[in-house]
Amino acid sequence: MPDDGRSFVLTLGCPDRTGIVAAISGFIADIGGWITEAAYHSDQTSGWFFTRQAVRADSVELSIEEVRERFARVVDDQLGPESEWQLSDTSAPKTAVLLVSKDSHCLTDLLARVERGELPARIPAVIGNHRDLESLTTRFGIPFHHVPFPAGDPGGKAAAFAQVRALVDSYNPDAIVLARFMQILPADLCEAWAGRAINIHHSFLPSFIGARPYHQAFDRGVKLIGATCHYVTADLDAGPIIEQDVGRINHDQTPADMVRQGRDIETLVLSRGVRWHLEDRVLVHGRKTVVFA
Amino acid sequence: MPDDGRSFVLTLGCPDRTGIVAAISGFIADIGGWITEAAYHSDQTSGWFFTRQAVRADSVELSIEEVRERFARVVDDQLGPESEWQLSDTSAPKTAVLLVSKDSHCLTDLLARVERGELPARIPAVIGNHRDLESLTTRFGIPFHHVPFPAGDPGGKAAAFAQVRALVDSYNPDAIVLARFMQILPADLCEAWAGRAINIHHSFLPSFIGARPYHQAFDRGVKLIGATCHYVTADLDAGPIIEQDVGRINHDQTPADMVRQGRDIETLVLSRGVRWHLEDRVLVHGRKTVVFA
Amino acid sequence: MPDDGRSFVLTLGCPDRTGIVAAISGFIADIGGWITEAAYHSDQTSGWFFTRQAVRADSVELSIEEVRERFARVVDDQLGPESEWQLSDTSAPKTAVLLVSKDSHCLTDLLARVERGELPARIPAVIGNHRDLESLTTRFGIPFHHVPFPAGDPGGKAAAFAQVRALVDSYNPDAIVLARFMQILPADLCEAWAGRAINIHHSFLPSFIGARPYHQAFDRGVKLIGATCHYVTADLDAGPIIEQDVGRINHDQTPADMVRQGRDIETLVLSRGVRWHLEDRVLVHGRKTVVFA
Amino acid sequence: MPDDGRSFVLTLGCPDRTGIVAAISGFIADIGGWITEAAYHSDQTSGWFFTRQAVRADSVELSIEEVRERFARVVDDQLGPESEWQLSDTSAPKTAVLLVSKDSHCLTDLLARVERGELPARIPAVIGNHRDLESLTTRFGIPFHHVPFPAGDPGGKAAAFAQVRALVDSYNPDAIVLARFMQILPADLCEAWAGRAINIHHSFLPSFIGARPYHQAFDRGVKLIGATCHYVTADLDAGPIIEQDVGRINHDQTPADMVRQGRDIETLVLSRGVRWHLEDRVLVHGRKTVVFA
């Protein structure tokens, strides 16, 4: 039976106790499931258990709805009501909407990855608060929506965010990616998009929160610069971190050099974070993540 | 029940098929085992399945011999005769013998790690083909054995290796670590110590096999130098790789500079490899390893 | 006097002896030059000296031709006839022609970097042995030339290379970038384009020369994969190395996973190598490079 | 003339203007100096120029005092009174005093490096506020001084610091290395030892200043942990940074795991910082460093 690559992916978090793995793997064995990837994590601090399992879809004779229904009973009977889980089918296409401003590097990178099939998503729309990236976006065959954000006009900004929200929500996306959007989401949007809005911050958080982090880094004289991909929460740059990376700099580098070098770090960190999110590899618990990369 | 840190560690490789995880985790649940670490790997190329599970010893009311006996039946009944597995108790101390020559960096590092409790082993002896490292070794309270290797005398070398073998085998060690030993083990020793003899080679293998790899790297003009920790086999520098790492160099660096910088890479790579080996995190299959780090 | 960013860049290699730096910096001081970057390297093995100096163009009242003429006398009088040097003006646009096949990642990356001004070059043409990347190229406003390479027909291949050569040479480019071109340049092209043809090989050379390096890496069980940017010479994958980098892998990764992960390494390594080449930061000496990055 | 490795090392910082390199290299040429290493940095933000030059001592027929005297005239005449410079002889042994507490990893590493000749210094004394590391220190033949720090007794702590100061100052050391000393230096000691006291902080500063940085990192859920080597100033963990590095972690790692993994990062970062300091490779300007590594 050749593998067509289609999988059912189960992710679950629940209070830890003995027998959980046996319950889950027993269930998968019962439905004939062939596990191709399995990852577990017992968090000693929180006392929670997390897992992600990929099962070849063609090894299971049930529909995904039937699998869900049966697994719900396992959860009820053996894992407890606090459990959080989902079961997805990798052949069901996901959707990501991108929010951008003027910097093109993350946008180009994500569009190119989707085009060459590296990210399991389609991009139905890119929304920009400036028109700078319209041509780049449409060049890849993606619709671009321009929503201007009036500077220094709180009412106008609220209206702009309402327009962005309506646009985004019309696609019901699995991910809303702030690809160097440079606008701080209002609290109601952070809540509405909780666990789906992903930001790239151009520093190694928690260092250099807020504006112009490369200039902050230059002033402090650090020897490495970084970038952080995180879920957006109402607390600025403090959401659960998905991925981070750094690059070495030295005294020769000006803030402008850091901006250039930093682009490559931001691009990689964001693309990894977005991919892991879309592949259901990121489980959020409190203000932290479990990443089964 | 506070965790005293003592665990039973099960490692297993067997031909892959559905139901294996259920069989293993069902068994662990049956004996009341609390899994604290679980890692799985399905190798699509070889069709083999690998796992490592750590179970809190105090959650199981059986002795390790009883657990072994019961698990042997699970293997017989459900996993098949090709299965390779072992079950160890982390409270049973392991033993590592070190073979050295003149370079002290790996030796000092390993002795210091054992002394501060980072490596789960005791070192009953260090064997050197020169006396250079005797004082360093005894300073840490470890016996040093000098076995001279006569240059250019094959018979003398064979006798020296026989002496080394007798010494090493008298400790029946879990690991024989060639910490920059600089002598090529004869085929019979490679076989006798298969899966236990660990070498550090000072290049990023398969580049620069054999003598003076930093000079080879300098001549080739590579931009990174590396080190490789691997199991020793009769095929020089071609055994299963456990760990590798690299460091950036530039045109300024002479071979002597590389030797100095390389020491830090060798030291880290060897210590990681040895720790993973001693913690039963390395499963060998063919000429490759699965490392549940 | 605000810095307009325009510089004269001097690069030089010559047999080492005392007084060279004084001769060069004395010359620069004499013409009033304000040095913004200066790097030196004394190679103890070869006995050669290398330097790269960037001088603010607006600090010098001479034309670049006059500077060249005067510096030639310094070389004649004080540095010797073996000296190799050049003086370039950063405001004079350079030209890079790209050779591609079917893989888009390096191409997209280079086109995007040129578009956002990160690489000091224009790209007058992309040449592909397949049509797969035509649409991507023209989308960025760059002409695409399709030159088919008949499989298994040496005569046809020679004709194709003659066509590629004529096309490339018509632009007299400063760089010919083999951005995953997948065809081995014949010796006459290697010679004609010596010091200008830049290749990206998808392994950490000298490991895994030739075809399918990720599959070679998978079979060997290495723990890091890499990429190498080097000048093309007639000796396959053995030209002077400009830049290398690696990424960590583990037993979970299939060759297909390595191919995907490797794209990011290849992309970064090639873009750095091409930028350094275009910024006159790479000096070749024998089969090695000095890179003043 | 074979190189005996002895060099004169000149380091200098001064306001930038044209002709500085010519003045310095002209001076070196005049005294017949053979430059083996030369590094320059023009800081565009501060308008300062920095350089480090290593000259083969056997190429100069003057004593170091004569060279100093002559160079002082060059500074007076051509570089200006704000210039800060020094000239040292690599054959004059430097001295480093280590301050420690209970953690052995940095201490062992520095003692071993000095013993194998990697650090150009001798260590006349190690001072500990606990006796835990006495045996390790004396094992390497180095005197250990125990200066107890009474907990919760400000007067006793001041007396202890006075004793530490007297001990340290009796050696007039080139470096005072806080090798995980875990005590905050009082302001007067920071001032007395300015530019000589080097600390290792176990986080990637400016993240996680103060106590228990690994626990802070665990709570924040970062994906990399780091260490920072910096000069000590009265502003806690805010002195000029010499070196930093990081290591990747994941959700599996407890704070205890981070502590263990962090030791390797701390050890490497501190040893690099100390070596560069002792080799006169670090120039401090304001709250930042120029590191000619």
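Letters are used for the chains, namely A, B, C and D, taken in the order the chains are written, and counting of residues starts over at 1 for each.
Here is the rule we go by: contacts are C-beta pairs under 8 Å (C-beta built on N, C-alpha and C of every residue); 3 or more make two chains touch, one makes a residue touch a chain.
Chain by chain, the UniProt names read as follows: A, B, C, D = Formyltetrahydrofolate deformylase.
Not measured: the values here are computed from a predicted model.
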{"item": "Neighbouring chains shared between chain A and chain B, ordered by label", "value": "C, D"}
{"item": "Of B-C and A-C, pair with higher C-beta contact tally", "value": "B-C"}
{"item": "Most widely separated chain from chain C, with each centre as the mean of CA atoms", "value": "B"}
{"item": "Whole-Å gap between the CA centroids of chain B and chain C", "value": "41"}
{"item": "Between chain C and chain A, distance of the C-alpha-averaged centres to the nearest whole Å", "value": "36"}
{"item": "Junction residues of chain C - those touching two or more other chains", "value": "37, 44, 252"}
{"item": "Chain B contact footprint on chain A (complex, rising order)", "value": "3, 18-19, 21-23, 25-26, 28-30, 32-40, 42, 44, 59"}
{"item": "Partner chain A, residues of chain C touching it in the complex", "value": "37, 104-105, 108-109, 112, 115-116, 118, 139-140, 252, 260, 263-264, 268"}
{"item": "Parts of chain A lying in touch with chain D, wherever the complex brings them together", "value": "41, 43-45, 50, 204-208, 218, 220-224, 226, 240-241, 243-246, 250-252, 254, 287-291, 293"}
